[in-house]
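Chain naming follows the written order as A, B and C, and within any one chain the residues start at number 1.
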Amino acid sequence: MTRFGALLTLGLLLGCGGDAARAPLRVAAAASLTDVLEPIAERFERSSGTHVELRFGGSSTLARQIEDGAPTDVFVSADSRWVTELIEHGLGRDRQTFATNRLVVIVPANASETPRGLRGLTTLEHLAVAGPEIPAGAHARLALASEGMLDALTARIVSAPDVRGALAWVASGEAEVGMVYATDARVEPRVRVAFVIAPNADDPIVYEAIAIGADDDAAAFVRFLRSEEAQRALADAGFGPAP
Amino acid sequence: MSPLVLSLVIACASALIGMPPAIALGWVLARRTFRGKTLLSALVLAPLVLPPVVTGLLLLRLLGRRGAFGPVLEGIGVSVPFTTLGAVIAALVVGLPLYVIAARTAFEGVDPRLEEVASTLGASPLRVLTRITLPLAWPGLLAGAVLAFARALGEFGATAVLAGDVPGETRTIALAVYAALEAPRGEPDALRLSLLSVGLSVLALVFHELLLARHVRRAGRRA
Amino acid sequence: MDVELDLTLPIGGREVRVALRSSAPSIAIVGPSGIGKTSLLRAIAGLSRGCRGKVQLRGTVLQDDASKILVPPHERRIGWVPQEAHLFPHLSVRENIAFAARAPSKTLDDELGITALGITALLDRAPSTLSGGERQRVAIARALACAPQTLLLDEPLVALDREARAQIAERIIEHCTTHDILRVVVAHDESDLTALAEQRFEMTERGHP
């Protein structure tokens, strides 16, 4: 009786612990995706039964951690250079683009005037953007250059070490205008969008994911990001669709 | 200006400009009792416990164009945000607590009885200050300046918010390292800058220790 | 030389009332240790923050709360020789003395009897290299150098050896007599007191007689 009871208990434990016995999926994602990835991860968990562990940070920081061997299964990046870098080092596969973003020009919510185009920015004193090394900053400068406005506006550009810094400057009114991503502008009630920058085919703003290592679940998560469910969540958050 | 030169210039400027207020505050806190002294001390030390970004935001609220002092500054043609001046102010405010603590300790290390004797010998309060107090306190005061300098070298958060990351004007070593690390294979640049920064800071701290030892030798409560 | 004191001082955590009147050219203040003799000297010098009442020396009112008079220490024309010398450690002996002298380049010896005080050889030394007795002599010279009208001496001879005491005491008396300086002395040793002071006041639990 006792031995049978022990075996039964053991069997029940093993059976019930079915999900817990599988290792969680560790996903490292760019900080700009924080709000939108959490519900997407939850849906993935429900449909696949795999628990997802999210951690957020700057794309460069996360990529370096992965290079240094930090246990990671999926890398979701806002910076294509780092995805390329990891693949070149043999660390990632199944590269997928799952979302895009747009640049918008923002002004403080209570600004009296709204500039209508890039040419209208020359009268304003400070144009807040992220630094040139940050993807958002690089894209912004390219957008200005492709309109021939970069030289004219260079003197007015004030750089922040990250996009949120630029956003904060416009929100506080310190800078009269800024260029950030559409998704950034949405979360800040103290700014409003003056106009949208048309996407540049030569310089797309993309979000990519790769699977690190050989896990099937990792590849499944990457594919899930392109699923209808995930795409709807991304669209709701202001991201553009996967190309 | 390269980030190295810029960092040196900003750190030196903030240490120099911060000297009068730091010495004055240190002296008042060391030698005087008055109502509100605790509050003053807490205000001065606040940047030490606040996240630097918060300090930067507060400075922006005070000195930005829409800030409390914005109109006044604009009136005299001074612009703080996004300028080297802003970087100096950020470094100064962040380093001031250390400076004031060091100055206060330096003055407390001068035996007040020496000042009293000087007074009875006919020296006016100003003469006591310049001939007795300051000469005895100066190694400790200089140590405070060096400490503030070292702190300013590493300053990032408040500078980023108040002055931004403008290469040549406000991109200090710390900001440059941050930017260099954004791109793949940026490690060599980042490492080079970091080693420079560490080297300078270590030099500053060694100098600081030497000055402190000298201060103890000079102003000891004997004779 | 008139002295009039009517003070309430914080001494050892208590408020103590001290009253004294004298016309002698030199006064000694004696009493058990801890009773507040040094505190009283400090109050006369103007260094006691918590002291209230009246201080009048040689016809000049230095403090009078009723009339809101309070002369700061550096204007009181008082020379103070503290019990522990308190020489300025960053200045040489010569510079210590010169600090007190009003006119910069006086020949110190003529005025102060540097030789008589036995410190000529010490003039260029640093205070930290001096013995206790040497420091005390320098402190005396320094106090004399500020050309005071009143000299406050707190145990001025205690660090000197027996032979030196009589000699230094004589020098002090001579200087004070020549320059018409009022002497207020705190001392333990009976022979010191006899040498230095004419009139004697004793501080007891109840204050001065």
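Just so it is clear, contacts are C-beta pairs under 8 Å (C-beta built on N, C-alpha and C of every residue); 3 or more make two chains touch, one makes a residue touch a chain.
Here the structure is a predicted model, which is why all the values come from computation and not from measurement.
Enquirer: Count the smallest number of chain-to-chain hops linking chain A with chain C, moving only between touching chains.
Expert: Contact-graph shortest path, chain A to chain C, evaluates to 2.
Enquirer: Compare the CA centroid of chain C with every other chain's and tell me the farthest one.
Expert: A
Enquirer: Could you tell me which chain's Cα centre is nearest to the average position of every protein Cα atom shown?
Expert: Minimum centroid-to-centroid distance belongs to B.
Enquirer: So how far apart, in whole Å, are chain A and chain C when each is placed at the average of its C-alpha atoms?
Expert: Centres of chain A and chain C (C-alpha means) sit 80 Å apart.
Enquirer: In whole angstrom, what separates the CA-based centres of chain A and chain B?
Expert: 38
Enquirer: Please compute the C-alpha centroid of chain B, do the same for chain C, then give the distance between them in whole Å.
Expert: 43
Enquirer: Two or more other chains touching the same residue: where does that happen in chain A?
Expert: In chain A, nothing touches at least two other chains.
Enquirer: Return the residues of chain B touching two or more other chains; collapse runs of consecutive numbers into ranges.
Expert: none
Enquirer: Going by the contact rule set out above, which residues of chain C touch chain B in the complex?
Expert: 42, 45-47, 72-74, 76-80, 82, 85-90, 99-100, 102, 127-128, 130, 135, 142-143, 145-146, 152
Enquirer: Residues of chain A touching chain B in their complex?
Expert: The contact residues of chain A facing chain B are 58, 60-61, 63-64, 79, 81-82, 84-85, 126, 131-134, 157-161, 165, 168-169, 172-174.
Enquirer: Residue numbers of chain B touching chain A in their complex, please.
Expert: My answer: residues 57, 60-61, 64-66, 81-82, 160-161, 164-167, 175, 178-186.
Enquirer: Report the residues of chain B in contact with chain C in the complex, numbered from low to high.
Expert: My answer: residues 111, 113-114, 116-125, 128, 131-132, 135-136, 218-220, 222-223.
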